[in-house]
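So that you can tell them apart, the chains are marked A, B, C, D, E and F in the order they are listed, and the count of residues begins at 1 in each.
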Amino acid sequence: MATVKLWTDVEVEAVPAVKTVFDDIRATRKSDFVNNFWRALANQPSLLERTWSSVKQVMIEPGTLDPLTKELVYIAVSTANSCSYCVHSHTAAARTKGLSDEQYAEFLAVIGMAAETNTLANSMQIPVDQEFLIG
Amino acid sequence: MATVKLWTDVEVEAVPAVKTVFDDIRATRKSDFVNNFWRALANQPSLLERTWSSVKQVMIEPGTLDPLTKELVYIAVSTANSCSYCVHSHTAAARTKGLSDEQYAEFLAVIGMAAETNTLANSMQIPVDQEFLIG
Amino acid sequence: MATVKLWTDVEVEAVPAVKTVFDDIRATRKSDFVNNFWRALANQPSLLERTWSSVKQVMIEPGTLDPLTKELVYIAVSTANSCSYCVHSHTAAARTKGLSDEQYAEFLAVIGMAAETNTLANSMQIPVDQEFLIG
Amino acid sequence: MATVKLWTDVEVEAVPAVKTVFDDIRATRKSDFVNNFWRALANQPSLLERTWSSVKQVMIEPGTLDPLTKELVYIAVSTANSCSYCVHSHTAAARTKGLSDEQYAEFLAVIGMAAETNTLANSMQIPVDQEFLIG
Amino acid sequence: MATVKLWTDVEVEAVPAVKTVFDDIRATRKSDFVNNFWRALANQPSLLERTWSSVKQVMIEPGTLDPLTKELVYIAVSTANSCSYCVHSHTAAARTKGLSDEQYAEFLAVIGMAAETNTLANSMQIPVDQEFLIG
Amino acid sequence: MATVKLWTDVEVEAVPAVKTVFDDIRATRKSDFVNNFWRALANQPSLLERTWSSVKQVMIEPGTLDPLTKELVYIAVSTANSCSYCVHSHTAAARTKGLSDEQYAEFLAVIGMAAETNTLANSMQIPVDQEFLIG
């Protein structure tokens, strides 16, 4: 149903630029499973490389935000952008990173609340308070 | 520039249903400052009450997600929904809740990354992997 | 601040294809005021003509939905699309078509509610019930 | 295909906080059918309660906007937010509230028109006319 | 799964206003295949006519933008609006108009990049440079 | 009005990681003008570097899509995402790359048309034709 071919492992093996990225995905995640997102991007090797390199740097390398927080932020954006694929894959990722049912319930309450107040603020075209401006 | 009047404190004092909510906002936040969002909602007392009651329950009452995480999720949604008011007010709120420059930089990287991969997944109409489905 | 020139009445007078549309806008609305949307579209005469012809047919010619309902639906879409210009112009239009403060308060409650439940349904990726499907 | 379990009636019976809401949904709507949205929210009892209480107040209790107008506004927002579930469920609801084929055709024309002009106004970044501003 | 009936050729034959448009679609595209979008719009003859007339004028009549560029712009908008149907139909159309795999890969990189920088600019609420303003 | 400081040239000079990127922006574009987007990103040096590196690769390095087409696609996405900053900056960029008034008029017609049909397809939940599916 995709607009592009999803590469099988056999096809990946045949193209070194793609194989290198897939090998790194597997090594980094310590798992053999490579999800469809990367199998679709395999059609565009330079986009595949750049995207994986960014995802690895942003989502996987340690920083000051913990991994679960980053996943929740990711799901929030994906929900607002109606990306069904991304919501599914990152909700699954969040669960493997320890998301509890209680946290998920609170997360849903927050994104619902945010969407509601976004709509109210946008519809009433409320001007930003001076107090919120920088400098 | 709003589509509704922004209520002054004098106007708020004159309407008990509105005054009660404003008093609770001030008491709950331990601050005299009430931002324009609530001054706009004052035109719709029942919506004002229900919205404040929900925001208080979702964003302020303690739960299993820490307050800063909730603010980041809120900003993520507000950004994706292009709500300028909400981005300003909740970025300011996040800073008062301890958001560091480094965390903000990482947050921006995550929402940018999410928007990019949302777009790629939506444009290639990638089917959800069986592995991500529940049950 | 626009990306195009906003045409003055003097400029409009000089271009027959544009003048014809502006004359019809004024005659149809029984008002001399022509808002910036049309002054921006004047740069693209064929788009101006086609857009005005559609707006006139859809929003002004009588049908089975009353004019105020159509304005509310228009504002709802414009809010969700974060079109500041459209929210302002159509909220003003709704008021001239009789929108009361009480109706506006209820309208805001509905669009806020819709945005919240949209987000919840999209985030939990709830499957459509068989009962809702046609045929 | 959801990211959460959809509760069966047997599961609902076992949790009083959930059962109370489901009973009220059935009593309020005078129908035994409870759609998947609520079966998904059952995983988050406090969100379920708050959401149902708001939906009931906003969409069902009588006010100054008629029920069909509220449904049309709801579908308009849901369409703009690409919520497939919400479009399906509220289009079905609108039909039970009397939406005729002719009204639906006009509604589609309005939301299409709105989306088109939203895009034109946003792309040309048209400034809001002074005439549309409050106060 | 649609909210409306998709008209079969037999049903189309029976309604002259619909048949005329379908005949013109087939003649203009030099193909017997009429996709579901038009079969859904057949329920609303005046919307069908107006939409086909606009699509024909905008997308098919020769102008200063080449047909492939117009399709890419169309897919870009459809992706950002999460319209699965439109992404599929216009990606297919772009391929028949000569879209190569290499161009598609570059296109995906551009829309991903745009979505990422949109998010960054919206989240930091960056003010527009004077240099970009007209006049 | 931004949520972050916009770096002046003096501030840029003081931070080598930022100065290196700014120097490359100026050299690549053969212009001294550096727009606010980069002055905002300067607060996040690693995000600045990664973003510039991607923008340079995607938008500036020669490929199979011509530079003007890429700008039009960029504006299309930015409009749909309601990014005022991005619409302004890339419309200006498109003009420097040769966008004529006639092309801009056609471009606006296409994105308006796309938004309208996106909305119609999403609201009627039209199923994708088998003919559009790959494989």
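Criterion: a residue touches a chain if its C-beta (ideal position, glycine included) is under 8 Å from a C-beta of that chain, and two chains touch if they have at least 3 such contacts.
Here the structure is a predicted model, which means the values were calculated and not measured.
At the far end from chain C, in terms of centres built from Cα atoms, lies A. In the CA-based superposition of chain B onto chain C, the rotation angle is 120 degrees, rounded to steps of 5.
Farthest from chain B, judged by the mean position of CA atoms in each chain, is E.
Matching residue numbers shows that B-E is the pair in B-C, B-E or B-D whose interface repeats A-C, with more than half of the contact pairs in common. Rounded to whole angstrom units, the spacing between the C-alpha centres of chain A and chain D is 27. Distance between chain C and chain E, defined via averaged C-alpha coordinates, is recorded as 21 Å. For chain C, the set of residues touching two or more other chains reads 1-4, 46-47, 50-51, 54, 57, 77, 79-84, 87-88, 91-92, 108-109, 111-120, 122-125, 128, 133.
Considering their complex, residues 1-4, 6, 33, 35-37, 40-41, 47, 51, 54-55, 57-59, 63-65, 69-70, 72-74, 76-86, 88-89, 91-92, 100, 102-103, 106-107, 109-111, 113-129, 131-133 of chain D touch chain C. The residues of chain E lying in touch with chain D in their complex are 3-4, 43-44, 46-47, 50-51, 77, 81-83. Those residues of chain D whose C-beta lies close enough to touch chain F in the complex are 75, 79-80, 82, 84, 87-88, 91, 108, 111-120, 122-125.
Per the touch definition, chain E reaches chain A in the complex via residues 82, 87-88, 91-92, 101, 104-105, 108-109, 112, 119. By the touch criterion given at the top, residues 1-5, 46, 50, 54, 57, 128, 133-135 of chain D touch chain B in their complex.
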